[in-house]
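The same subunit A turns up in both complexes below, where it pairs with subunit B and then with subunit C.
Up next is the complex of A and B:
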């Protein structure tokens, strides 16, 4: 392969480096109305009345819309497959508010200044209702957060505050635990964590010259935006065009129809172009974040260290609404249970409503929560049984050729499809990482004194798209200079997927990457794609690109043979070469096909749906130093080794891991949301919610071991999400190795480390 | 009336009190300067003012009298790209690209004031520009390549 497996300059690199106007907000906004949301100041209540007279009187205000302006219609803000597996529990504006930050009204005006003033002048009279803030008190609480109305559906058990439930068993877990020689159990907690893309949510809407609604928005799911906005505003999708320009990071936060329907509603009501951008503060309390989970594993092992039973329970906080609540839990279970073989498996999981902000999609999508629990417990088991943690793990991995039974029962809110492992490079990942982190020396080094150094390990899995659900499609045509237009529905959210897809096309067509002109994510000009989530773009959309390019190549050969008047020919050096020595270049084939010989446009389309979703695997190692006087944990180094099959672009893939690691370290050590007794978020800015900056970064080593996945394009599996799963449990395990402190709750604050360390010291 | 230069061009403005440099720049099509937060934490609103990297959202327009403002729009000349921009592309230092202009300004500001910056110096100036995509690994590498090529060996 000449292009796949090599680094290349990003197709959008030059524009981004030059600061060109390529993001959603980077257009002139003459005549635009500026929009602001009035957010609920209370956690739970019914709106008795809204007085907007004073607010409307502010100079320059064009419209104020509230629940009174819309018919009752329930939908889900989750951008997922259809029918959506998330509960339809959300209205554009509701007469009940369910968290501090819930939408009450939208104000539109000629300037942001006027709108900000007007928002303050809306008078809302609330009947305050009791609120639930502790997820453990939600089920069967007297307070019912979604009492339900007509059109409210797909709910598991709203009367019990349960937004989603999973109850599955393979084999017999009770019996399996009983016959086990050792049984271990632990409950682990992960908090709300923020995607924190640097570009906030931003949407611009207007009516084009033909009165069609144009939505220019920072989204990972343009086709879901079109469908849901159409549904909410009762517009045929043919009247809507969604354009995703470059977007400033997503990480799942933009897999949501967060405000697109509100902005569009104002354009439809006023006929005016509108702009709605969240402030950083709104991003923290009125967007989406990672679902907090309590995850409990009970694991039974036989004398030979083989796992005989895994019993898993999840209690998940959905917040005030339930987007992604079923599928996130499903991923927590299906990804963690795809790592270790166990003849008996049970999952009992509930996602429950509370009066805190609704969670949503965030890179890893449930898997980071699950792997923090599972990989912490595996370490605890190895400690208890005095066995090497690597040996314990290696004893239990699924191996190539084996079936992973959990995949069959947990799909996207329905049954899934069987996974037979074609490739599993986990052992090679461990062996490489062990060497790079100096495991054998640091694991056993002296653990005394004030500063104690230790190393920890976590091994993790993910998937490559959602089997039987994710679909990518492409259109390609040839130009007479030998370049090719590649129009893809796939959505590049900053990962570089446009470039990876161009590399796949270039490899097939045997041309350089600059001959591929990529246009992505415009619902008028690019064909359908489910969107950029579930680590699907390279594996699914990439396979569609490979198919379409192969079709184009076949057509080039056919046209070449027709023009040359021969029956046998081959393709080499950007030409069709006949057996008799005659040849014709790509350029001449296309030019003659346009104007003179056997006239046609060389063009093709392709779609890809996969019933396979091969798991990528990763081993992450952490080297930390704990200050036992302050409890402060310094991460010295993270080694992240991934099996993602054949890597399409090593430089960009390293970048995926290098970026995922500090997100997970934040979850491990510094990132969490704090709410006061009224459910109000306190830390709503980057001073109080600390994400990793350049000076916080440890040394990072990100490498790949190569396997050749037969179902993936050129042997590829996914990269995207998997490197976020390992760092948090690896750090927790390294802290234990360093100073004997085991923390089962994230983030691991200095206070928690110090408290636990003092307990050990006192006992000792 | 406030008079200052933007990318070499002198402008005289008379704006409502409280208008920030960020408001002004985005209104006038300097879209490389971006909103990221209200307290300047993200640094996506970075500009160079008299050669130093500053947060445009924290600068009121009337304080700019006589100052020289530069944005990334002035770095590439026609089709010729600035070597730092080129290094960012070559090293894979750009993912979503939202923070890239701010990073480039921070590094260029360092390069102008310090002839022999170290990797620690680079990390220090990049601490004012948040990035959620790259983990800063490749941006730091790109900065070092650029600085070494420009100044010879660094410390």
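Up next is the complex of A and C:
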């Protein structure tokens, strides 16, 4: 291959590097109204009255909208396939608030200054209700967070505060555990964590010259935005155009219709263009985050170390609303239970409401929580049984040709589709990583002194899109200079997917990447795509691009033969070459087709829906030093080796790993959202919420092993999410190797390490 | 947006700046990096003192003089080859990891903000830096005794008087604010400590080197913890043990 598998300049790279106006907010904003949300200051309550008279009196205020201005209609803010598997428990504005930060009103005015002043002058009289902050106290609590009204749907059990539930069993787990020689159990906790995109949520809306609603927004799901805004505002989708420009990061946080419907509502109410942007602080308490989970595994092993039963329980915190609650939990189970073979598997899971901010999608989508638990427990088992942790894992992986039964049971809120592994490079990932981290030396090195060094491993899986749900489609046409317009519904959220898709098209057409002009994510001009989530773009949309490019190539050949007047010809060097030696270039074929010979536009469309979702695999190794006098942990090095099938663009794929690793290290050691006794977020800025920055980074080695997935475009599997699953459990396992401290709760704070270390010292 | 700001005034003299500073809802600024981040809506008037303070860094045999208007980055550039200043240099980098912001943030602002988790400030307390402060007139005062009033125009310290300096900093990540910072110096037969971090203020302790030194050092953490608060990164018990460890390590290094 000439282009696939090669580094290439990003198709949007120059514009980004030159600071061109490519982002949502980079347009002239003449006559725009600026919008601000009034957020609830209480965690749970009913709105008795709202007095907006003083707020409206502020000079320049155009509108203030509250629940009184909208009919009762429940929807989900989750940008997912339709019908959405998330509970429809959300109104654009409600008369009940369910977390500190819930939306109470929107104020629109001619300047941000006026709007900020006005927001402070709205007087709301609340009847405060008891609030639930501990997820373990929510089920069957006297306080019901969503008492249930007409219009609710997909909500599992409102009276018990359960937004979603999973109860599935394959085989017989109780019997499987009984017949096992060894049974191990552990419960692990992961907290709320922030996606921390550089660009906050921002939406601009206006009416075009035909009075159609235009929504320019930083989203991962333009078509879901169009559908949900249409539903909430009772507008036909044909009256709405959604444009996704460049995005400053999404990581799942923008797989949400967070404020688009509010901004659009004000435009519809006033006829004026509107702009609504969240501040960083609002991102922390009023946007979305990673679902906190308690995950319990009970694993039974036979004497030969084969796993005989896995019993899994999840208690997940949805927060005040339930977007993604079922599906995140489902991914926690389906991805972790797809790694190790077990004849008996059970999953019992509840996602429950609390009066904390609603969680949502975040890279990995439940898998990081699950793999922290599973890979920690696998390490604990190997320690307990005194077996090599790599040997234990290798003994139990599903191998090529095997069916992964859990995939059939857990789809996106419905039954899934069978997965038979065509490729599994996990052992190659381990072997390469083991070498690069100096596993055999560091693992057994002396563990004495104040500063102790250790290594840990985690092996993980993900998926390539959602089988039977995700669909990508493309339109392509040829131009007379031999360039091609590639209009894709796929959404590049900063990942470089536009470039990867251009590479796939260029490879098929045997042209350079700069001949492919990519236009993506505009619901008026690009065809349908479910959006950028679930690691689907390369695998699903990439397959659609390959298909359309092959069709274009076929048309070029046919048209070339017609123009040349021959029956047999081939394509080479951007030309159609006949057996008799006559030839015609791509440019001439297109020009003649436009103006003189056998006139037609060479163009094609293609869609791709896949019932396969081959798992990418990854082995992550961590090298850490623990200061046993203070409990501080320094990560020295992370080695991340991934099997993503054929890599389309190595540079961008390495970038995916290099971006995912700090997010997971933050999850391991420094990031968690905390709330006071009233449910108010405490750490709402980057001074108090600690993400890994460039100066905090350890040495990173990110490599790929090659497999050739037959169902993927040029053999590709997904790469976007998989590298985030491994670092946190690898660090936890490395800490154990360094100093014997096992922490089952993230983040691993210095105090937790020191306390546990002192216990070990005291005991022994 | 910062709608509360009504005016920005550029005084011609320090006296004028000081007089303006006495007004309500006013604040001084030079670089403005803290100011912008805080976005304090109770402030209506900004006093831009760049025209009345200098921005030079002078290193000579006896002392290091840092004008209040010198940015952290200009300080780093000025002293990076001067050995006794290494810890302060690191402090300037750690207190503000972004070079772009270091090009804005001034030494005077750092001192004026008086943030206990500023590594620079802990260092300056440890070396007992002298501040030149303008109230109605200019006076020189130990940083340890400054009450926060007036306009800092110059910071001076004397590396030659110090036998050795050590600073220990503990934060969850290098870029995160420190939980505990302990700075220490050895000079004239005594050990001097400055302790900051997520605390109410920076505390200093002076211990004579004699038979009681070990006991005195052992009590420092116990005394210092009174100014700390528990948070999600540590209980008071933990922080006390962290201070004790940090002090021990500083002493070992001195």
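List of remarks:
Please note the rule applied: the second predicted complex is superposed on the first by the 764 of 764 C-alpha atoms of A that agree within 3 Å, B and C clash if a C-alpha of one lies under 4 Å from a C-alpha of the other, contacts with A are read in each partner's own complex, and residues count from 1 in each chain.
Here, contacts are C-beta pairs under 8 Å (C-beta built on N, C-alpha and C of every residue); 3 or more make two chains touch, one makes a residue touch a chain.
Nothing here was measured: the structure is a model prediction, and the numbers come from that model.
Of the two partner chains placed by superposition, only subunit B is touched by A:199; subunit C is not. When the shared chain is aligned, no partner comes close enough to touch A:186: not subunit B, not subunit C. Of the two partner chains, subunit B is the only one that A:659 touches; subunit C does not reach it.
Legend: residue contacts after superposition of the two complexes on their common chain; A:5 is shown touching neither subunit B nor subunit C. Touching more residues of subunit A than its counterpart among subunit B and subunit C is B.
When the shared chain is aligned, subunit B comes close enough to touch A:246, but subunit C does not. Once the two complexes are laid over each other on the shared chain, residue contacts for A:687 go to subunit B and to subunit C alike. By the touch criterion defined above, A:695 lies against subunit B and subunit C together after alignment on the C-alpha atoms of chain A. Residues 687, 692-693, 695 of subunit A contact both subunit B in one complex and subunit C in the other. By the touch criterion stated above, subunit B contacts subunit A in their complex at residues 26, 29, 31-39, 41-42, 44, 71-73, 75-76, 81, 85-86, 88-92, 94-101, 104, 122-124, 126-127, 129-140.
By the touch criterion given at the top, residues 111-114, 116-117, 629-632, 669-670, 672, 674, 682-683, 687, 690, 692-693, 695-696, 749-751, 754-755 of subunit A touch subunit C in their complex.
Note for the complex: subunit C touches subunit A at residues 1, 3, 97, 170, 172-177, 232-235, 238, 241-242, 245. Residue ranges of subunit A in contact with subunit B, taken from their complex: 7, 9-10, 12-23, 25-26, 28, 195-200, 246-249, 251, 277, 279-281, 493-496, 651-652, 654-655, 658-663, 685-687, 691-695, 697, 700, 702.
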